[in-house]
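Each of the next two complexes has subunit A plus one more chain, namely subunit B in the first and subunit C in the second.
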Partner chain A sequence: MSVQKQELQIFSDHTVLSKHLFEGASSNLMMVTDTAATNASWLVNALVETVTLGGPVSLNGNNSSSAEVFSVPVKVVVGSFLNSKSHFTSSFDRLKIPRNEYSVLEIAEDLVLKNVGKPVDVVIATILKQFQTALGERSLLVLEKPELLMALFKLSSDDLHLKLINPLLKLCSLLIVVTSVESFDNDFPENLGKNTVEFVRFTTSCFHKSFLVLSVRPLDTGKAKDVTGTLALTRGGALLDVSAVQPVENHYLFHNFKENTSLFYR
Partner chain B sequence: MSFRKRCEVLSDGSGSKRNAAPPSPGGLQRELPSRNAPQRRLPAMNRGQIGGAVVGRVVSNAGSIHRDMNGLHIGGISSHTGQQIDGSTSLNLSHPGIRPSPATSQQTTSIGCADLDKLMGHMGFPLGCSLLIEEESTTDFNSVLSKVYASQGIVHNRVEGSRGFKDGNTHLIVLSLNHHLTKELPGVYKGSRKDIKKSKIAKEQSKVTVSNLLESQSTPTSSGQRSKDLKIAWRYGINDDATTSKSSREYDQSETYPDYNHQFDITSNLIPAPTSNEISFISPLLSVSSVLSQVVSTIKRHDSKLIRILLPNLLHPALYPPKMTQLHEIIPLLHGLRSILKNYKERCVLLSTISTSLFNNQPLFMAQIEQLFDGVINLEPFGQEMLQLLEKAYKSQPNKIQHGLVHIKKLPVFSERGEMHVAKSEWAFKNGRKKFEIEEWGIPVEDDEDTSKKDKESPARKAQPFQDEHQHSHTKNLDF
Partner chain C sequence: MASTNNNPKVLLKRTFSLKEQASLILCTDTMAQSSRHVVEEFANNVSDEMPIVFVSFETPNKPKYARQFIDASGKTSKQLISVLQPYLPQPQEQAPKMHLVIIDTLNYILSEDLTQFISTIASPFVTILATYHQSIPTWRSPEFENYPAAIQLLQFIANTVIEVTPKTSIDEDDLEADLSRFVIPRNLNSHIFYVTLTNKRKSGRAIKNKFSINSKTHEYEYVIEKQEEHVEESPEMFEGLTTFNLNTSEKQKLAKDQVELPYLEAQSFNSGGAIVYEFEKDDDYDEEDPYEDPF
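Moving on, here comes the complex of A and B:
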């Protein structure tokens, strides 16, 4: 018996990433949250594919029909504080995304070795400079695990937002912040540590700044053979700075097996 | 016949000569394909120098055989190993402790525990990956795994006889102050005392001596005894154990990769103890920059070797000062190690162990640490009550008693792709003298009926002692 597969649609014009997002001088923030059990790498790949190939071709066994090549070229820049450049390039190579369609910044490679002991402002200025040279007028920036900077350089959540997230938001049309919410579900003990407060504060601030939150989580009921987890699309605290389209709230189940991801409506 | 066997035959069966390949006079050098077949999946692996003086595709396991334009050259030992020929720093694929992952074709190495290798889903530990072994409560089962991991590296280094000793193929970096670890490493398991004794007797008997000949003539019923032994063995399934426990596929694998993993006896010591050429100690309490630079320089010094990094007892209060338990102190160290691991991903692996009982009230702290590892497994030793229940349930089979549960939180490569591999309470471990075993967990069935029956019948039992004795012996037989 064949099972009906559904396509990922994020915006009201039935697209994953609407072309209207990259028109004009608007800047928007989208948040992707994941956990250790369910990494959102497949979703990031799908979003990058949408901009570079015209649709999330890796989803649903390459049967996606919503391929619409953007009329205006969009620069795709990926910067990760956790994974190295080769991690992304090998992943994008497998998806057959041409290398000239995106650029991955080398941030995580020598982040500690190069910057340990330096003032935080200098470190962040160096990172920002890397982004400034890579980003263009119409660009999509994927920023993975920026919260690691808080642990690495004893940075507060507010400082991270003021010094990195806000300037980056001004530099690109769409900023996608990929962050981990592992252990956020647990009941924190009464003696909540300062670090925990800062991490929760960072995520909450991101939520308030984003127009949409894509939450990738494992099933609440536990492990299942045919379902890996859930993808929930919920509006964030900010309004989308584009009038032509609106984000659509939705809930999907997804199954990830051997580099293939299938989506199903819930 | 496999290529490996063919190579061994051609190189006089000496494994130590597998890597040795004299530089070809013609400049163009090409070697036979090896057991590490999926070369195409590893673009960064040793494929020879392009555009240089030496253009060759250096492949593993063909060290003593190489072909050039003039024909086939067999044998010959050179001081150059496969990758030293083209001057790159990647690992020689003829390394005895490396094999491709059946799931992803990535090169993997053994942790030192065959069951844990299987649990990883790659029959080992993919190169460039890190694994964190967490342990709840105050037990120290994780130290067994860290020691077998260390021992496995040393044994790999010594696999290829005297040449392997001289040059080495593996180096162990231990980030710890405990230098006694070298004396605590377990040796390779050589069989039970009975087996050792039997093999010694068989060896003695195989010698052609007058007494042996006389003995064989005086015992004509030896074949009858043998068949009787076999009959008993069949009845108790002794021989079945040896044949059915290992599938034919496993046999093939152990034949193809004979030195990939070893079984270690934790009551014995690795002799001779590792030397400074095989193991390096770096204090994790130094400043992060000096720790990382020392690790990098050690990796560079042991060019072309497989580097196994061990970070045992992370944040153990006896080894680490309290300030290290702050996020901004430990995360830079782990992040830096991760960066090094990814920079040298073709020949580096990292294993770390941590006791989580100290950080139970800090879930976010643990989550941040776990985020920096590619694989995370958790050992949850059983409490006293559970152990008692197991002892009761396995009264007649004490070797079946497990010591705790193994939870999988993340698996290298698979979890990175987004696959969900969380497995809670699906596996159990037991630690024995000769093996750290991981098997599927099932709650043992306790025979409550018998005990309740006995309790009910206790007044009557007193009156009928003979009957009770009979019943008891009957039950015993049933158990048997």
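Moving on, here comes the complex of A and C:
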């Protein structure tokens, strides 16, 4: 007997990314969390597909029926502190997303080499300038693993938020911050060092700015033959500044198999 | 005479509409329940004419109710004060209007600067409504080890403290364990939640009341915390737990009740510090020996 696959729905208008997010002048933040065992790249791909192709076509074996027509053109910009530009372009090529539909910034490439010895403020200003050039009035920005800047340039969580995340949020309609929650898995929370506190502080501060959190986690019981992990959609600490739609809470099981990801209700 | 302060719901309404005099109203929240809905309740209850200044560390979106919006990103607390000052009542103003300053989070202000920041803004014509996220951890350097934590300072200087908690069926310990792993259960951060309002009176007395709030319908309900009922021991309670006999018979209970505990006798003395010594039959007591009597 086959288990019925479920479509990914994030908003109350049964869409993955509602068009209403990009219609007003407001800026909203959404958070995607993952762990070392379960990477959220398939989810990021699905979100980019939604804006560029009209739906998350790589989910459920290209059988997704939801198609969102955006009344205004939405710019898609991806900036990663972990992966190189070619990582994303080859991944999007496989998903048949036309290259003119998105732009990937070269940020992770030689980030340290290019900025060694420079003051942190200069490094952040250079990164911000790259985004300013790429982003437009109505845009979706996917920012992957910005917390790495803290480790690379001895930056505090507060500085990262106030000097990079906040200005970036102002520049786009929807900012998706993809971050790792590995630092939360601590056996001895009372003995946390400064670095761990800063990483946890960054993620928790991000939570309070997000209207929705998409958590990709492994199963508590370990990896199964037909289930890779869980995807939980839960409200964050902020309110969505768009009155037409609301985020919907949902829990899914997902299974990554080769290039495909299938979703099931939990 | 029925005082308004005796009715908890009226007190909450008065707090939301800023009719209760307060320089600092502190909202404390966690990842389980954000204070955003509480802030909206204030905005919904205050007079439309009251100027609201919104100081934001977390959002670039100006709320509809805010007359002034200040983006605090990248500003030191001193710079922030100088940006904020022109929007507050000036000392030379005669009969100035009450102002409400909403600060979306105080977590970004260093704990050593916090009291100065608050005291510079606060005045008889300014009420500060500020949130402190308790889930955000803070690294404390060894030099400030003995300095009070930010939340302790804020709770001390605030006139009113509103603690926001979720209305959920999940056990408190389980919820805390989940959130510490960044596992977020469903139905948190909902529009229906609990607040615990601590109102500090001028006399020094603090009144604490708990309410259930529905921020969509703006309905407030006073919650009377149930006292845990004392459960009488019954033989059924121990059934199937163990092979040992844990039950107490009526005779045993009676004997237990009649045992005179040693401290009860100590309480019957009027003069404190007396030594109780009862002679036993084998004691050798010599009345003529002056050193024999310990009293």
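Everything that follows uses one rule, which is that the second predicted complex is superposed on the first by the 264 of 266 C-alpha atoms of A that agree within 3 Å, B and C clash if a C-alpha of one lies under 4 Å from a C-alpha of the other, contacts with A are read in each partner's own complex, and residues count from 1 in each chain.
Throughout what follows, contacts are C-beta pairs under 8 Å (C-beta built on N, C-alpha and C of every residue); 3 or more make two chains touch, one makes a residue touch a chain.
This one's a predicted model, so the numbers in the text were calculated from it and none came from an experiment.
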item	value
Subunit A as common anchor, with subunit B and subunit C clashing or fitting	fit
Superposed arrangement, angle subtended at the Cα centre of subunit A by subunit B and subunit C, nearest 10 degrees	120
Touching partner for A:Thr261 - first (subunit B), second (subunit C), both, neither	first
Partner chain(s) touched by A:Pro218 [first = subunit B, second = subunit C, both, neither]	first
Subunit B versus subunit C as contact partner of A:Ser27, first or second or both or neither	second
Touching partner for A:Leu113 - first (subunit B), second (subunit C), both, neither	first
First, second, both or neither for A:Arg201, with subunit B first and subunit C second	second
First (subunit B), second (subunit C), both or neither touched by A:Trp42	first
Subunit B versus subunit C as contact partner of A:His161, first or second or both or neither	second
Superposition-derived minimum Cα distance between subunit C and subunit B (Å)	13
Subunit B/subunit C common contact set on subunit A	184, 189
Parts of subunit A lying in touch with subunit C, wherever the complex brings them together	26-28, 33, 158, 161-163, 166-167, 169-170, 181, 184-185, 189, 192, 194, 197-198, 200-201, 203-205, 207-209, 213, 215, 217, 232, 234-239, 241, 249, 251
Contact footprint of subunit A on subunit B as seen in their complex	287-289, 292-293, 296, 327-328, 331-332, 335-336, 338-339, 342-343, 345, 361-368, 370-372, 376, 409-410, 415-423
In the complex, subunit A residues that touch subunit B	36-43, 82, 84, 86-87, 108-113, 116-117, 145, 148, 151-154, 180, 182-184, 186, 188-189, 191, 193, 195-196, 199, 216, 218, 223, 228-229, 256-259, 261
Subunit A-facing residues of subunit C, complex	29, 31, 34, 36-37, 40, 57-61, 71-74, 105, 107-108, 133, 135-139, 180-190
